[in-house]
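Read through the structure below, which is laid out as structure tokens, and then see the notes.
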Amino acid sequence: MELFFLSLLLIFSGGALALILQRFFNPMKASSSLFIAVGCLLGLIHAGTWMARAGEAAATVYSIEYLNAFTLAFRIDGLSAFFLIAIHLVSMLAAVYSFHYMDHAEKPLATAVNYFFFSLLVGSMALVVAADNMITFMLAWEIMSLSSFFLVIHNPDAAENRRAAYLYFVFSHVGAMFIFAAFGVMYAYSGVFDFGSVGAMPDAAKILALVFAFIGFGSKAGVFPFHVWLPHAHPAAPSHISAVMSGVMIKTGIYGILRMYGLIGFHGPVFGEIVLAAGIVSGILGVVYALGQHDLKRLLAYSSVENIGIILIGIGIGMIGVAADRPMMAMLGFAGGLLHVLNHAIFKSLLFLGAGGVLQKTGIRTMDALGGLLKNMKVTGTTFLVGSLAVSGLPPLNGFVGEFFIYIGGFSGATPGGRPFISCMAAIVGLAIIGGLALACFTKVMGVVFQGEPRSEAAKDVGEAGAAMRLPMIVLAGACLVIGLFPTGFVLMAVEGVSALGLGYDTGELGTFIQITGNITRGGAVFFIVFLTILAMRKVLYRDKTVSRGGTWGCGFTRPTPRMQYTASSYSGSILEFFRPVAPLHETHPPIRGRFPDRTHYHSHVDDIAEKGMTPGVVRPVLFLFDKLRWIQHGDIHLYIGYILLAIVALLFFV
Amino acid sequence: MNQPADAILSLVLLSILFSFGSSRLPSLIKAVAFQGIVVSLVPLFVGHELTAGGVIFTQVTLLIRGILIPLCIYMAIKKVRIRREVEPIVGYHASMLAGLALIVAAIAFSRKFDLPGIGQYALLLPTAIALLVAGMFLLMARRNAIAMVLGYITMENGIYLVGATFSVRAQHIVEFGILLDVLAGVMIMAVILQNIKQTLDDVDTALLRTLKE
Amino acid sequence: MVELVFIVPLVAGALAFFMLGRSGRPLLVLTGAVHLALSVYLWVRRPEALLPGYFGVTPEGLLSLIVISLLFFLISIYTQTYLARSEVKSENIFTGSMLLFLSTMTMVTLSDHIMVMWIAIEATTLASAPLIYTHRTGASLEATWKYVLICSVGIALALLGSVLITVAMDVGGVTSALSFSSLTEEAKRLDPTWLKVGFVFILVGYGTKMGLAPMHTWLPDAHSEAPSPASALLSGVLLNCAYLGIFKTHKIMVAAGLGGFSGMILIVFGLMSILAAATFILKQTEYKRLLAYSSIENMGIIAFGTGVGGLGAYGAVLCLIHHSLIKSSLFLTSGNLLLGYGGRLISDTGNLIKEMPRTFVAFFAGFAGISGIPPFGIFIGELFIILGAFRAGHYVAVGLFLLSLCVIFGGFAHHAMKISFEESPKAVEMKESITLVWPQYGLLLTSLILCFWIPDTLYQTIIQAVTTIGGGF
Amino acid sequence: MIKPILFWLLAMLTAPFFSAVILKVKAFFGGKKGPPILINYYTLFKLFQKGSVYSHSTTFIFKMGPMISLGAAVTALLFLPIAGQPPMFSWHGDVILVLYLLGLGRFFTIAAAMDTASPFEGMGAAREAYFPIICEATLFLTLILFFMLSGELRLSAYFFGGEPLHLWRAAGAPLFFVVIALFIVLLTENTRVPVDDPATHLELTMIHEVMVLDHSGPDLGMIELGSYIKLFFYSTIVTRLIWPYDMGNAFVDGALFAAAMLAVYGVVGITESVMARYRMDKVPKFVLTSFALVFFATIITLEFMK
């Protein structure tokens, strides 16, 4: 535990240092990112060692007196440790990355403030997953929200950033209110703040608390339809912040759901089915909207919604498994979900860092203005390719492993008879569709952004990102491959996390897990062998052959230009057509008419139905309702005095 | 009706009707002054045996409630010289009817409780309630700022009448403090009235409705 | 000795009326300092009053007193520069009234006698009326008129309520002093019906002063028309004084075993106030009115918490303290906005972060604090109130409570974003001198520290105060 | 251990031959003599002889495309019981791995196409990304059905030896729907008529053929080989379902299996000759029917098993 707090100290001092040294730009960046990175490294070591000796050691507990009568309690168990690993890993790399990324020397104060809140965010995230009573949790949670808000509003000059920040602020506050409510229901029965001793509650109260918690945490995790803030906020923040937010911060929502589930211990199938349904919807809609985006970072943000969906599918299967009393199914579902938490943290942050590199070098976020970057940004492009493969859930990368476990879990629930069947069927088919769409989505990104020819001047002959930016990407890409090929250790960590839920299943099925992961490893190995053989074969075939270069075959068209390339919108057009009911596609292109037609253009965008529905569904009714009440303050003193009399008379009736 | 107190209290009830009916401020002020004098005299008749302090204090009350307070308002009008009459929200005849109804209601209502000490004074409680509500009524039914202030004073008189008969009596010093507060309040209101007149050149509160949502 | 605390500012105030020009300003700070010192002494020694039965040192009174003292001291510092920057006619009246205001409020916190409490509270109205009229505009005149009349009427009702409590005494045959302390001891023997009626009148009466809906109507006008330091005092501590009256009466009710009755009434009025605040915060156009309504909201929250009792009551007291600190800092900041942008409309402001960075820090921190976001204390207070309300089983009430808090946050955040980040209609040239920002920083820092560490003596005092209304955990 | 390898190699060797059958059938229906039955071997040989021309626009992904798609197909074949013989590898959940490996192949085919900056190839890529999504849904639904029937999650549990017969016994008639659905998937995944016309000459209407426009020499050869093997993979699945019997003798089984395969390829050929290509926006409906069929089958069987 000391190590844990030491790491926090380092992280926070890194932030403070930034404010102190703001006069000297580079030293400030260097020292601050160094402190934060080292702090995260310590935290990583701490969580890692905890995991290593998880078997024998019980949960680590630590508590400080707070406001004379209360305590700030911290507790590290498998679940916390698992999330801590993800948090510290990503934050560490983001901190390193930031050194070359934050290059606006003309705005030292803004940069320093950014570092300050960055450190605050990292530290508070760690505290959130370590908190062991309501007060501690909410304190850390709110500080996390506040600091991330300031990171989103990093550049307030752009109107859309301001809107994003506002949306995010409101959503996180409303979410917090729901979490308050959930805790309130728990407290109503227990009367103590500690998570440890949640009293016995009637099932109705349990469901109530869980649903409140699901809404509250879901709005942080970006579960449809509470995700509205997410695709606005993530692009607004600097890329390494987006990486942290999308990679780990939204996962604290998942952590909250899991933790509450473990604490309240409601084992009816209802909640599991709610979670599963939400997961499927978020997954499919998330990736569909991702397909519809033109802004690279917005696309990645929506893809986060999708992956949260996948995670929830896993968790939902786990919960249903618990409800149906099928330990194997439950373990597989939960483990798969947790593992995907780690995996998504890794590859999504990798993708965001890549996007940051592109943004920094070209200054463009619109994909249809990019292209051919792979030739000049080898490292960025290649790592981005790895990330895309991983996010599409393809073997032999880490994205596949988590989904694989969720699949197996789903199948083990899909035996005829019994309530789980339908849910599992939906889950499996949903996963399959999500997988296919994700593939389409990220082939589009790769193809449009990194391959082909540059579509604009700004995208031509750009330089490679700085060393401090390349290193994290390489590490993350490596991590994708390692987990994809040798998942055993990580799966065991996930299982350790699941066991912290106190489901009472002995981790005796570990054998099965190891067997499965072994198969994955073997499958990867087989594929690699085959691939290498083919590679060798290819070498042989190409020995002393004439290999020349020429222009792309234009199918008889002699003068192809980059502007003729397939664009992001045209690539995804037909698929979006299929999903038009849930993703209304708006196109504008003035038709070509006359003998000498003037320039035409094509613009398209996809509506997020949740966002569209928010205004008429929530905002307008509220405004209407309260507008109706405004007349009471009409300025006439006679009636004001009348109110007083009214109040008296009304009250006298109750005496 | 065998008590002398009740006799003067009935006059007070009359004065309420009068004040409801009168459209002219000076007469309204006179009515209020009369009420002030009466309510400050009532304790002489009611309940507790009189100490010397009691007598002195009664005189002081008389001075303030009966003379000083009305005088403040009178000065205020003198200074501002109301030119035209401000139409009330509730007309004068309607007000009179309301006043009658009010008094009846007050008497009926006050039959409900029997309070220790004042059992035998039939009109004490009705008058108190009537004054209270009448003040409220003036506050809500008159657009003329001065009339509203007078309404406030009427209310105060009513409350004093209630208070006059219970343990509060015990501590004159406290009573005196309350009295000073009321006096100061009325003075400040008078000042405000003058300012209103100067800035708006009228005392119609309909003009004071700019601050609203 | 106790009485000295309000006699000193009384004398100083009387003096200030005759000090011409700006000579009154140092007197403000000086008196503030002395007052602070005296209050601290009172806090430490808890001496007996010269007139026991009329005055007395109670824990809840001490809490309000120390807050008042601290606030007044910082505000008086701010006022120096504020007066220098803004043209205030007849400064001597302003300073004089400020000091009298301080003295009367102190008297409220120290009074133990029902009637004395009433006298003091009425006196605060009278002392603060000139402050609201400082700017001598038509609007300020209207505000003053409404303030004085509505509050006087309301407080007259409170007087009636106090009288009715004496009726309850006579009916119950209690012949003790009229002091809160002795009544709380005798509470069981008081006649319940008359006690209830009395409480109703007192609640409505002092509620008018405290700004509980629907009697809050005067509050936004007065707070927005008064000069910022005065608004800071009005919103920061005057409301607390009115609350003190209700608190003490509620204490008697609880002691008489009628806590359920009074608590339910408090909850209802609290919710109504929060809803009213939500109504007007959503589409507010002036930032000072915005803050005023937010005060109504917080008073509602405090009333709600008091009504809930238990953990909620503890939370309510925390909210009371932190609201005073944060809200007054916000009002001082609004003074800076007024000086800087020269308009009181939200649409006149904008891009505070660039125009007045230091003020921005104070403003945004204040906004976050008042919305119940850590590291500021209202967060912990609201948390306790909500948990307490659930514990007490008021599910529907707390549901409404949470929803309206969400609405209010949505509205307030919208305006805060506009003020802080949107384009500014005009460039601001205002020097943010130390005295214009550090008082706010001081207040906010206090709130921040109190969110993580409460000195034991303060904690003990709060607990003593809260347990008397069935609070605690 | 030898037998699986043998059959695996055999499969890869014969795959081009089988797809040549389709051409023959089409030629027959067109009243033509048609290309020699070994045409595909000649093509491959010719291609492997040649060198390559690469576009300026392309990167290493362009070269990886053919290798990975071929590799994926070959690896997939490793898990498939050919002619009812045991596969080389088989474990719990290998089906999912295989399907996702094919997905990997698709990813790189598309990426390679996007690499050329050619509008036509982009068009093809878009379609290649679109239609298989529904196929995957169908396949996974089929998988659920098979899992229900056999209780296992491995290819060999469905297609090894007499296992298909067990499937038939357990499910009965509904399995016909599955066969049809799988046939539709076969057509779609391998971009045959009516989804795509490999023989067309208008790039605008192509899917697979247009994506490989820029590949040349051995690269193109690998792609061709890969597609043959992929086709073989799917046809094997269909074949095993329509010829579920197990004679117990490897050679007999092999022979009968080959015959059944010929039949399936023949049907593909017939479909190609009697049907015209669908309009692109009609294709999804066509593929969706397969999903509907399997869904139907699953529900019915669920009722049966209750």
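Order as written gives the chain letters A, B, C and D; numbering starts at 1 within each chain.
As a working rule, a residue touches a chain if its C-beta (ideal position, glycine included) is under 8 Å from a C-beta of that chain, and two chains touch if they have at least 3 such contacts.
No experiment lies behind these values; they were computed from the predicted model shown.
Peer 1: Would you kindly say which chain has the C-alpha centre located farthest from the C-alpha centre of chain D?
Peer 2: Centre of mass proxy via C-alpha means gives B as farthest from chain D.
Peer 1: Looking at chain pairs A-D and A-B, which one is connected by more C-beta pairs in contact?
Peer 2: Pair with more contacting C-beta pairs, A-D versus A-B: A-D.
Peer 1: When the mean CA coordinate of each chain is compared with the mean CA coordinate of the whole protein, which chain is closest?
Peer 2: Closest to the centre of all protein C-alpha atoms: chain A.
Peer 1: Per the centroid of Cα atoms for each chain, what is the distance between chain B and chain D, given in Å?
Peer 2: 101
Peer 1: Taking each chain's centre as the mean of its CA atoms, how far is chain A from chain D in angstrom?
Peer 2: Measuring from centre to centre gives 36 Å for this pair.
Peer 1: Using the average of all C-alpha atoms in each chain as its centre, how far is it in Å between chain A and chain B?
Peer 2: 70
Peer 1: I'd like the Å distance between the centres of chain B and chain C, where a centre is the mean of that chain's Cα atoms.
Peer 2: Distance between chain centres: 31 Å.
Peer 1: Among all residues of chain A, which ones touch two or more of the remaining chains?
Peer 2: Each of 630, 633, 637, 641 in chain A touches at least two other chains.
Peer 1: In chain D, which residues are in touch with two or more of the other chains?
Peer 2: none
Peer 1: By residue number and range, which residues of chain C touch two or more other chains?
Peer 2: Touching at least two other chains: 145-146, 149, 153, 220, 280.
Peer 1: Pairwise, which chains touch?
Peer 2: According to the stated criterion, the contacting chain pairs are A-B, A-C, A-D, B-C.
Peer 1: Which residues of chain C touch chain B in the complex?
Peer 2: Residue list for chain C touching chain B: 54, 113, 115-116, 118-119, 122-123, 125-126, 129, 133, 138-139, 141-146, 148-149, 152-153, 156, 159-160, 163-164, 166-167, 169-171, 175, 178, 220-221, 224-225, 280.
Peer 1: Within their complex, state which residues of chain C touch chain A.
Peer 2: Chain C residues touching chain A: 145-146, 149-150, 153-154, 157, 193, 196-197, 200-201, 203-204, 207-208, 214-215, 217-218, 220, 261, 265, 275-276, 278-280, 282-283, 353, 368, 371, 373-375, 379-380, 383, 386-387, 389-391, 393, 398-399, 402, 405-407, 409-410, 413-414, 417, 420-422, 452-454, 456, 459, 473.
Peer 1: Show which residues of chain B lie in contact with chain A when the two form their complex.
Peer 2: Where chain B meets chain A, its residues are 89, 136, 139-141, 143, 148, 205, 208-213.
Peer 1: Okay, in this complex, where on chain A does chain B touch?
Peer 2: 630, 633-639, 641-642, 645
Peer 1: Can you name the residues of chain D that touch chain A in the complex?
Peer 2: Touch list, chain D to chain A: 48, 50-57, 59, 61, 67-68, 70-72, 74-75, 78, 89, 91-94, 96-97, 100-101, 103-104, 106-107, 110-111, 113-123, 125-127, 129-130, 132-134, 136-137, 139-141, 143-144, 147-148, 151, 153, 203, 213-214, 217-218, 221-222, 280-281, 284, 298, 301-302, 305-306.
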